[in-house]
Structures are given as structure tokens and as C-alpha cells.
Amino acid sequence: EEPKHGGTLRYGTVSEVVSLDPHVYGGSAWKVLIEALYSPLVGYDKTGKIVPRLAESWEQPDARTVVFRLREGIAFQDGSPVTADDVKFSLDRLLDPATGATLRSNLQDATVTVIDDRTVQVQKASSDATLLSVLALPEAAIVSRKWVESGVNLKLQANGTGPFMLKAYEPSVRASLERNPKYFIKDQPYLDGVDFRMIKSDDARVNALRSQSLDMIDFVPWKDIDVLSRNAAFKIDTAGGAFMSLWFNATSKPFDDPRVRRAIAYAVDRDAISKAAFFGHGKAITGAPTPEDSPYFNADLEGTYKRDVAKARALLAEAGHANGLDMSMLVFQGLGIYTATAQIVQANLKEAGINLKLEPVEWATLVERKNRGDYQSMIYGVSVKLPDPDAYAYYIGADSSYWAKPIGYQDKELEALLAQGREQTDVEARKPIYHKVEQRILETSPWVFVNWREQAQGYSRKVQGYQQLGGALSESSPGISLPTMWLK
Amino acid sequence: MNAPEPELLVVRNLVTTFPSDKGEFRAVDGVDLSIRHGEVVCLVGESGSGKSVTGFSIMGLIDKPGKVTADTLSFDGLDLLGISEAGFDRLRGRRIAMVFQEPMTALNPGRTVGNQIAEVFRVHERIGARQAWERAVELMDQVGIREAAKRANAFPHELSGGMRQRVMIAIAFAMKPDLIIADEPTTALDVTLQAQVLELLFSIQAQTGSAVLFITHDLGVVAEIADRVVVMRQGAIVEQGDVEQIFFNPADPYTRALLAAVPDVDAPRDPRRRLSAVAHADTMEAGHD
Amino acid sequence: MNTATISRFSFGGVKVAALLSAAYLVGLVCLAAFAPMLGLQDPFHIDASNLLASPSSQHWLGTDELGRDMLARVVHGARVSLLVAAAAVAVACLMGVAVGIGAAFAGRRAEAAIIRIVDVFVSLPEIFVALVVLAFIGGNLPTLIATIGLLYCPQFARVTWGVARGVRARDHVLAARSLGAGKLWIMWHEVLPNMRSIIAVQASFTFSFAMLLEAGLSFLGLGVRPPTPSWGQMVGSLKDYIFTNYWPVLVPALALFLTVLAVNILGDWLQDTLNPELQ
Amino acid sequence: MIEPILEVKGVSKDFVTRRSLLGGVRDVVHAVRDVSLTVQAGTTVAVVGESGSGKSTLGRCITALDAATSGTIHLAGHDVSRLSGSSLMAFRRTVQTIFQDPYSSLNPRRRVGDAIMDGMNIHRLYTPAERHERMISLLERVGLNADHARRYPHQFSGGQRQRISIARALALTPSFIVADEAVSALDVSIKAQVLDLMADIQAEHRLTYLFISHDLGVVRHFADRVLIMSGGRLIEEGPTDQIFEHPREEYTQRLIDAVPRPNPDRRRFRARG
Amino acid sequence: MFAFIVRRLATSLISLAMAAGVVFIAIHMLPGDPVAIMLGEQAGSDPEAVARVRAQLGLDQPLGTQFAHWVAGLASGDMGTSLRTGEAVSTELARRIPRSLELIVAGLFIAVALGVPLGVVAARERGRVAGGAAAVIAVLGFSSPVFVLGIILILIFSLGLGWLPSSGYIPFSDDPALHLMSLALPALTVGLNFMGVVARMMRASLVDTMSKDYVKLARAKGMSRSAAIRRHALPNAMVPVVAIVGIRAGSMLGGTVIIEALFDWPGLSSLLVSASFARDYPVIQGSLLAVFAIFILISLSIDLIQASIDPRTRRQTS
């Protein structure tokens, strides 16, 4: 079918956008919104390939450098031209701690050099195979120096180069976008506008879709996926983009002992959790959390941690807890998947002789206590951070500022392997390294991987051109698709 | 004595009961009573003897679950027991009116007194608010409230006890009714005020010729105003007769005891200081309600 | 508020209804108390193959979102729900009555000040208070009880203050003073007995609200700790499935409903009984 | 043998009824103005006057339930303005009040036996058993019996309630009683019973009554001396018979004339129909 | 009267100031760092970034200084800026408060419109089947949690009959008719939930006033029973009902979170709650202050309304 121009897409999101600062991550809806308003140098397309955005081309002279060549004649939405200086300013802003930019740690000790008006070089101190994939993330958006320095409030206003422009915005309630006629890709976007409504309540969001006051929603609750799929009026796209895991405080007893952590890995009934907490829309991770469609996926690891209570008991006994073990777990109380998972884990561990006490807390307290190391274990849902296996470094690497770092886990062997992997750019060469990484991770089990959870977008049949991606791009899928989406 | 006038109100064997834990409680138990046109009948008796209930029974204002029965209950030839609710409503306020004991509680605290008087006209005559108000002011003037036009805008609590009772009297006499039931209208007032109010009440009564059923336990007041006296005790009538007969020639020992118990203002003090000729009968034993 | 009004807060004096309510509540309390001895299924047993099931011979009242037996959970849930509501009412009542009576006898200025402060507390959003408490102390049963109690304390204070204000002007208080009674004596012997029935009504109200609030708070994590069942928490988590499986949420919701109804009917009856004048 | 038990000198009492924005006084009612009087022990002194003339207020000042704005009061050996702690307790034991309304002056939610024992409890007199015994004997003294102790006030008639109030006042064997309209709300027959009882007790215990009333018939019958109040002032005072037969003030005469006489031959308001 | 209002407002202002101080301290003592939450997973545990952002927002200063700053701002009409959204708190409140008030007023209107007649029937038919039934219907409203009630209403009116939108706030300026339709369900939920309280209060109060002498007098004047109740008993019986409605309105300002979430109604409660979760101090302070201030106005108007119904209370209230 031939795409049609026009129309406004009404999109309901679970997360509330409270800030439009393109450099500080603010939830899945934020990501989509930022991607619609701003553009990075390069981006991902609907197949996950890196494609030109503001840069029309790029070169990678070595494993730590990228040189970008900007498009000709592109302009911000306020009309000022996009220059290499704006690129430098934007990336420097990312590196400034006062920005609190999400990608600061990924880009640490990178230097940005303006070579000429249309050429910019980004160089890291050491080899980094992920550099390009990081710069292709929406969080690496390019902003206008003049505009930012004029003192505008980036949290409330937007001036980007994206396919859409901000028309109206109320924090945590709604944002209305209209088509950017000057978008650098010809003919795009197809839609005249997008209306973001932030609807935290699952039922309210689903009902709004059902009653057709919305065209599309994100995070279709797991309980509703099947029900909605059966309804011919709607289409539900799912992809595994995040996985559930159990984290331990490895700095103190009893979780400083890998045997205890592994015992728990054996005790957990991942299928029951997928079934009960995710209504069948989860997939047990018995190996390592690398998406199946990734070239680095290693099928040999599958089945490492199949449920085996006897083994769990044996490991516990070996670690000196033959008479059982008492432990507690922080559980975010705001979401059913967390509390349901926690209760199943609790029942599972009981069979292995572990008496688990659940501590339901609200988010701010969870963050605070984790950062202070004031916890024994917790449940956390992790979205895949990068379409690159180096994501492991951000999860559990020693230098990572990813907020899991305070778990206190450090492993020299793993560090060495991760460094090795980062230095290589060739996929085939990297594969064996990351297989070892995963092996090591499973051996030491700093986290117990539970299951992939499906993230679902639901939309009415008149919405066309949407492509759901998995893995790290799952969250970005609507953002990537938006310019080419249209309404029947 | 004059020739007997036609009876205005005839009550035969009035029984008013209230349900209670111990079965039915007979607050009024077989009262026979009749009132002629223009006659003033006083109903006396100790507290709780059923005086007020008798009055309300005649007015048809005993609320459920109370129950009123009688062999005869007729007003000016009308059978009050058989009359429809709406029919009774038309009677009340127009042909039978009532003065309550405590004007403070009987007047609506949230409405101006003028309004409350005017309401009587509005209920019974199809007249406008303006006109009703003017007549209310006129009436207030008649019952001796100075600056009536201004006072009509006052709320009950802004008036003195005496003025409030005058407002009550104005309401009762508004439609020049044939019968007024006055339930202890002066008991709450001090002697000087009581004198003023009684004077007012009966000067108007003389003009309108209404009959009055006056409920009280002050024998001094009874002696002042009554044509006839009815003495009640425990729901029943123990004696009734002309005022002279009751005061000078009481037949019933209870009546005699009551009269003996009245301290006399004009007699020097009895050194023994004994009053009570009524035997120490605990007439209101526990559980009376 | 007018004190006499509250004291008449009654239901219609239908004794049969009161009797039925009492029977229901007594039965419920017994069920709750002897829950572990009733031979019910394990309320914590998770069965991932039988989620949100409708009633069957195996699970008389069906199963919940984790496949646990609803009958067992409702019965066990009664323990927490009843305990929380009753204890919270006790807390609210003790503190509120103390503040209310205290204010009425505190002198003109102090009284106005106390009541203004009570007003501030009345308007303090429940969820916010719960959040503060949760963040400071964390969620557990005693905290939950204290929090709900604290939340309803101002209302008790206002109601009892109204009554106390009426009573303090009565002659029998003056009479007690003339006997040499101090303020405490007067509060305890003269004022308190006159508010028993009002307290009964307010308590029955509060009991209902406390039960429902527990449901509201469990989504904040201030509720009881899972997997311990409570009606509020059960309704709270099962309501998510109302569009797919309405049955499971109906069970605790109905239990809540019946209990609230019974408590309210009983509250009215109690009010009458505590008033010797109505006997 | 004649000694004053009560001496009141120049007592005034003002009530503030309205305050300004900052709490300053805007409006004052002078309820009692410059009243002086003496009462001899063992006598009955009546205070008479129309409603609002300040009778009750004076009574409350004398019994230290209200503080006088100015003036001094000496009662039963105490300076009423200086009462505190133990002297207050001693004062409360010797001075009692019987209140006007027999209903509202008893707590409807307390058993009358407890109400009568309250004074003994407050002053920690006697053992609990003795208190109980005393309470029963007081009940009997006022013509009730032991069974009545467990009842609530509403289960009694007005006269009985008033007698319970008297029993409560007597429990502490006071020497001075302020009876504020103690019989005004009662109907004739019951009023008579209560007055007889009060007279008997006075004879036994050599009690002093300050008898506040506007019922002149009762006053004439019951009091030794009479004080007439009007507008907060004491306007006339004298032995009972003298006041009733030769009042000095015109106001007093008007009061006496206003009393309806229980004699149909002396009608003023209405001729026989 | 004027003096009364001024004095009332003055004492209220003092309690408001005290409340503000207590709230300020309490929320700053709460564990949880707004910056760590704002910066999210990756930057939120980067101590350097957290410290720099804190400094930028002035959160590194001593609490006393921050408080003084806030108070000084208030005095000049500046309620501060939201840490998260960067928007002036006053702007945010100006948007949210009208929506909350609208919801509450509509809800209370429904509660009164249904609860008062129910209460009247329950009182007039006391001891009879109709009265008992009215009382039970009244209790139905508050005997299930609001979210259950709300969901039932959605099931019936939105998904079942399709008459009303299930959720979503549509600004009045966008489309007045749709706006009212979007208001209908949340307001009905608030209303039905509160209806029971109104009804029970109404009934109790009316039973009391119905037996008053002035109602008897009205009947003695010749009014029918229902007219006497309507014109004399009802207005006076409304006094405690007004009080409870007012108090409740106050507590609803920040207490309709669940309803706002269920119906996606962006009011003050959800702002307060999400600000609380994110520890957005200026917003929490501002919203609570607004709630208190509005409540003070409400309670003042309750007193004034009561005074107009019952002129006796005019002088008594202090």
C-alpha cells in the first residue's frame, strides 16, 4: 500500500515525560519524543542498522576514532544552520557532569574536534568498539549552541532537527508535535502530527485504546496482550527488550559467596514467573541475556541454570548454609510484575531452604538504599542498554557508572575479558571473547537472570508502518518508525 | 350562668399510646373533654400526666409510632379522626391553632420572625409574599411589639423571651381561629413577663372570641383565667368543673393536695414550713417513659 | 457539627439486621482466628498452571493471579484486614478523643489553635502522609496501623471536640466543678461517658474507611508484606484482571462489602445501646 | 450565736461579649454591679429578681465558679478570690450548689449512685465501702432507696432528680448551699416535697441557704430574708415578711403584684366568661 | 462579621506558616535524592554528576538557607521551580488546581444531589422498608474501594454502553462537550463514593430536626408534613451536612490520586504524588501549601454558610 500523508497519531505512553532535555534519559516515552524532536549524527533504521542522520557519512580510521561529515544545508527548527560547532557543543555538553547526561560514562574521555565547518572528529582515549553505536542513540542528540546559550530552558522547550516540532507541552500530561516541513529526509514524516498522552494507569491506557480515543499505546500490560490480540481491531507487536534479574549486595555476607548466588539461580522457577507474572509473555533466561537475534548469541549456554532444587541445596550446604538461610529482598511496590515475581521467587526459595523476606518500597527509597548499599538483594528489570555485548561492562563492569555498580561485585578476570572485547571491532574476533565473558558471568552469577519480558506496542489497524525491534532498540522502535508511520 | 352554647370540641375516651419496650405505653388513657365556643378551659396536673399529649392529639400532631384513638373526636361537627390528612392541614392554623411552651425552640432559628408569621397567611390564603409580610408586621404591631416593621426582620434569638412569646401568640391568632391550644405558654417566663403575656393573650382572645385550652401547672394562672378546669393525673382526668368549684370546693383528694401545696405569697410564713399535703407518693416511678 | 445529630446517626433501629450483622462478624472473627485449624489449602501455594481460575471443586472460590487458593486467602486475609482496621480505629479513637476533649478544655486561644492545627491535618492528603511514614519507617503491620490510625485521628478529634463543647456548657459539669473536680476528672467522668455512642458511630465509619484505605495504601508498599494476604491488598492486585477475569476480584470485594455493611449496621445498634436514655 | 458565714463587699462581674480584632474588649455586660451583703449562718436568704438580673452570676461568684471582676467575698472562713490547692478543696467541701435544672445538672450517662459518690471520691473521703454505705443512706434520707443507685437520671421523675441533686450536695456535709432556682422547674406538688425536704435538712444540720428564685410564693414560704436584684444591682433587702408587706421599692411592689394568686375571685386578666 | 473573618484568616495564616515549616522539614528529611532519581539509571549513581546537578539546583546548601530562600520567594509571590520539569511551580499549580476543583465540585454536587434525597427518605421512612433500603443504598457507595467502583462504572458506561469516554482529560477550551463527557465518570465515582456519607449524615441530622418544636409549629400552622420538613427541617438539618461536605472537599484536594490515575485526570493529587515519588521538593511544598490554603478558605466558607443557615452560630464561632 502507498503511504498516505496527513493525520495525527494519538499515542498513549506509560511513562511520564517531565523534561525535554535531550541528553538526560527520562523514560521510554521521553526517548520516543526526543527522537522525534532531535536528531543525532547517526541513527538506527528499522532493521537495526546504523544509518546517516545529521551526518551524511562517516569514517572510522581506527578503533577509537570516528570522523563525521555533516549534511549540507540542514537547519534547526528555529531556522539556524547546523554546524560542526553545534556538534562539538552538544557532545561537550554530554561530557559535562553538570548536565547529568546519560551517555557521559559511555563517552568518558572522548575529545571532540572541529575539523572544518562540516567535519567533526570524535576520539576516545582507548579503543572502543561501541563508540559509533553510542553516538547513534537518541540521547546523543545535537542541539544548537546559540539556542542553548541564549538561556532557554531545555526541560521545557525544544529546538531540534527531528521530523517533528513541539507545538504544546504539559509536563507529565501531554505533548503535541507537528510535522517539521524542513526535515532533512525528503517527504518525511508522513504524519501531520503526533499527540503524546502520558497515561500511567495500565487500565486507563488500554481502555483508551479500546474505546478508540487513542490510536496506539506502549507497554500493553502483559495481562492484556492476549485479549487485545484476539481483537481484530488491534494489532499487538511484541519484542523482548528487557529482562528481569535478581541483584545481590556482593559486599556482605552471605552474597559475597558466589555459591549462594548460584544456588539461588538454580532455585528460581523461571517458567512459572514467565507464566504467572507475565501471562506467558516472558521467556526464561537459562543462559546469558544476549538477545537471540544478536550475532553474539551463544546457544551453548542455554540451560545452564535450569531449575534444580537439589543442586541449589547442595550449593547452599557447600557454602555453609545447610540449615537454611534468611535473606531479604527489596521489591518495587508500584508494579504488579515486580510483586508477582517476588512472591514466586519467595516460594521457590523456600523449597531450597531459603527464607526470603520481601521488603516492598517505593522507587526513591529503592534508589537511595541501593546507592548506599543498604540492601541484601533486589529485583530489577533491565532494558538492554546497547546493541553491543559491551553492555555487560555497563551492567557489571568495574568502571561502569551504571547504577548497578554499587552492587559491589568486582571480578578481575571479567574486567580483562571486557577490555579485550572493547578493543576489537571485528565481530568474528569478538565472538569468542564474549562467549568467555558470559561464561564467567554465569560462573560468578553477580545477577541471577530470570526472564526476558516482552514489551508490546498496541495499535489500531489504521496505524501503518510501525516496526517493532527487539533488544536495545526495543524502546526506540516507535521513535525509529515515526517518520514513516502513517494513518489509513 | 348562660344557656349552654353548642360544643366546639368534643372528646370522648381519647387514648394515645406510644410503643415501648414493655408493650404499649398509654400516655393519655381515656380522656373525656368538651369545650364550648369562646370558653377558656385549663388543663392542670403534674408533670408527665399527659397534658401536652392530649393537646397534640387534638391537633392531630402525634407522630408515628404514636397512636391516637377515641370514641369521639369532633371539632365543630367535623370528625377529626376520619378527616383526610390534607383536610386536617387546612384546619390547622386556620381554625385550630397552638401556642407552644418554649418559644425559643418552637420558632425556627434560621428564619426571621416576620417570615414565620407571614407563612401562616401564605399557607391558608392565596396571597403574595409582600402582602403576607405586611399583614405579619401589622399583626406584630397588634401584639405589642414596638417598631414592628424593623423587628420583623429579626431572628428569634435576637428577641427577648417576652417578645418571642408575643410572636408565638401572633402566629396562633393570625387566622382568628375558633380554638387555641396553649401549652404552658408562660411557664418559661418570670412573673412580670408572665403577667404581660397573659394580659395580651386574653385581650386578643376577648376580641376574637376564640376558645382556649390552656395547659399549665401553675394554679395561680388557672385561677386568673379559667372558666373551667380539668385536672389530670397519670393520663386520666381525676376531676373537672367550674373554676370556683375546683378552687373552693374540690372533690378529689389529689386536687385538694395540689391546691394545698401552693405557697401563698400573701400569707406570712408558716414556722413549720410544711407544704406537702400530697403523700410522698412517687407518682413518676422509674421507667415512666 | 451538632452533637445530637451525630448521636442519632442510626440506621432504622432494625434489630434483626443488627443481629444478623453481629452473627456475621462473630463468624468472621472466628473464621479468622481459627484459620490455620480449618484444614484449608495453603494460602501461599503458587500454582502457575491454574491462574485466575473460576470456582471449581478443587478451589471452591477459584484462584488468584498466582494460582493460589482464594478461599484460603480470603479467610486468612480476614485476619489482617480485621486486625488492621480494628487496631487503626483504636489508635485513631484514643488519640482523636484525647485531642478533641483536650481542645475543648484548653482555654479559648489554645482551643482555636488546636482546632486550626487539626484542620491542617484533616486536609493533609492521605497518600502523602503514608508516603512520608513509609519512607521514614518502612512498611510493616504496626506502622500501617499507626499510619491509618493517625490519618483518621483528626476526624475523631473534630467530632469529639464538637460533643465536648456541647457537654462542657452543661450544668452537670458545673456541678462537678462545684464538688471540687479537676479538669481531668471532668473529662473522664462527665464528658467521656456522653460521647460513647458518638464514638461508636464514628468508629464504625472509620473501621470501614480503614479497611478500604489499607487497599489504597498497599499499592504504595505500606500495606502488608506479600505474600501475606489481606482483603485490601487482594482487591488491589486482583483489580488489574477485572477486565479479563472478573471473578477473583469479586471475592475479596464482596467480603469487604459485607463487612463494611455489617459494621455500619452494628455501629448504629451499638450507639443506641450505649445510650441509656434509649433503652 | 449570730455569726456571718458569708460577707460580700462591693462585688461586680463583667462579661466580655465581643472582642476587637486584636482581642481587646469591645462589649461588656455588667451582670452584677457593686453588690454587698452578709448572710448569717443557719439562715435562708433568698435572692429575687427578674430573669437576667444577675442572680445566678452572683451565686457563681460566691461559690468560686466564676471570678468576680472586683470586690471581695468571704465565705465559710475563706477568701474566695484567694482559693487554690488545698484551700480550694476545703472550700469545695463546705460549699455546695444545687442547680436549677434537675435534668441537665445530672450527667445522663452516669448512674445516680456514682454521681452521689463523686464528691467523696474527689475528696478521697472514706473507704469505698463506706462511700457506698453513705450514698445509700443519703438516698434514703431524700426519700429514695438503695435500688435507685444503679439507675440513670432519665429513669427518675423531675422531683426525684432534684432530690438526687440534693443528696449529692449533702454528701460532703456542707455548711453552705447555694440553691440556684432549685425548685423552679418543678410542678407544685413536687416542688412542695423538695422544699419540705430542704427545710428538714436545714433544721438538722444548721445549714445556710442562699436561695435564688423568682418564684415569690416559694420565697415567702421558705426564706428568712430576701434580697431583690434588678439590672445587676441589689436594690432592696430585708426580712421576708417586711419585704412582702411593706416593700420600700416600687419595683419590689410590682414584682409582688404580678404574681397570679390561686384565687378565682381576684382575677385581673380576664373576667369570667 | 468582618472582624470575625479577618481574625479567622489571621489565625489560619499562622497555622499555615507552621504547617509550611513542618512540611518543609519533613520532606527534606525523607530518604531519597531527587537528583539521583532524575538522572536515572546510568547517571544517577555517578557521584560527580549528582553533585554537580545538586549544586546547580541549590540543593547543596544548608536546609536553613534553602528554607529562608523559599520563604523569601513566597513573599514575593515566587513558589520556586520544579526540579524535574524546570517549570515554575505556580504555573504548574495554576493548571492543576482548577482541574482538581472541577472534579471535586462536580463529585460533591453528585454526592449531595443523590445523598440528600436518600438521607431524607431514610429519615422520613425511618423504621420502614423504604428507609432501611435507602440507608443500605447509601452504604453501597463507600463499601467498596474507589477503584473498584470506578472500574465498574467504566465497564458499564464506557465499554458496555459506549456513552462516555473511559478516561482522558480533554481541556474545556478544546471541546466543551467532550470536556464534560470526560468529567462525567470520574465525578460520578467521587460522587457515589461520598454519597453514603452525605446520606447518613443527612438522615441523622434530619431525624433530629424533624422532631424539633419548630417543625411541629409549622404543622400547627397548617403546613403538610412534607412541606414542613422541606421548608423548616431540611435547611437546619443541612448544617452538619455542609460541614462534612466541606471538610471532605478539603481532604479530597490531595486525596483523589486513585481516581485521577484511573481516569487519567491530571489534577493536583497526581501532581503531588508523582512529585513526592520523585522528591521534587518545590512542587511538593507548593501543592501542600495550596491544599492547606484552599482548605482554610473552605472551612471559613463552611462557617459562613452555616452562619447563614443558622444565624445563632454567628456570634459563637471564634
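Which chain is which? They are A, B, C, D and E, in the order written, and residues in each are numbered from 1.
Criterion: contacts are C-beta pairs under 8 Å (C-beta built on N, C-alpha and C of every residue); 3 or more make two chains touch, one makes a residue touch a chain.
These figures come from a predicted structure and were not determined experimentally.
Common neighbours of subunit A and subunit C under the contact rule above are E. Between C-D and C-E, more C-beta contact pairs join the chains of C-E. Inter-chain centre distance (subunit A to subunit B, centres taken as mean C-alpha positions): 88 Å.
A separation of 50 Å divides the Cα centre of subunit B from that of subunit E.
Annotation: 39 Å between the Cα-based centres of subunit A and subunit E. The distance from the centre of subunit B to the centre of subunit C, with each centre set as the mean of the Cα atoms, comes to 49 Å.
Along subunit A, residues 203, 362, 364-365 each make contact with two or more other chains. Listed for subunit E are residues 30-32, 127, 151, 159, 277, each touching two or more other chains. Multi-chain contact residues of subunit D, defined as those touching 2 or more other chains: 154.
Interface residues of subunit B, counted against subunit E in their complex, comprise 56, 59, 61, 63, 65, 85-86, 89-94, 97-98, 100, 102, 105-111, 119-120, 123-124, 155, 157-158, 171.
Every residue of subunit D that touches subunit C in the complex is listed here, in rising order: 63, 65, 88-89, 92-93, 95-97, 99-101, 104-110, 114-115, 118-119, 122-123, 152, 154, 165, 168, 172.
Looking at the complex, you find that subunit B touches subunit D at residues 38-40, 46-48, 161, 189-195, 198-199, 201-202, 205-206, 217-227, 243-244, 247-248, 257-259, 261-270, 273-278, 280, 282-289.
Residues 11-12, 14-16, 18-19, 26-27, 29-32, 122, 126-128, 131-132, 135-136, 139-140, 142-148, 151, 155, 159, 197, 200-201, 203-205, 207-208, 237, 239-240, 243-244, 247, 250-251, 253-255, 257-258, 269, 272-273, 276-277, 284, 288, 291-292, 295-296, 299, 318 of subunit E are the ones touching subunit C in the complex. Within the complex formed with subunit B, the residues of subunit E that make contact are 127, 211-214, 216-225, 232, 235-236, 309-312.
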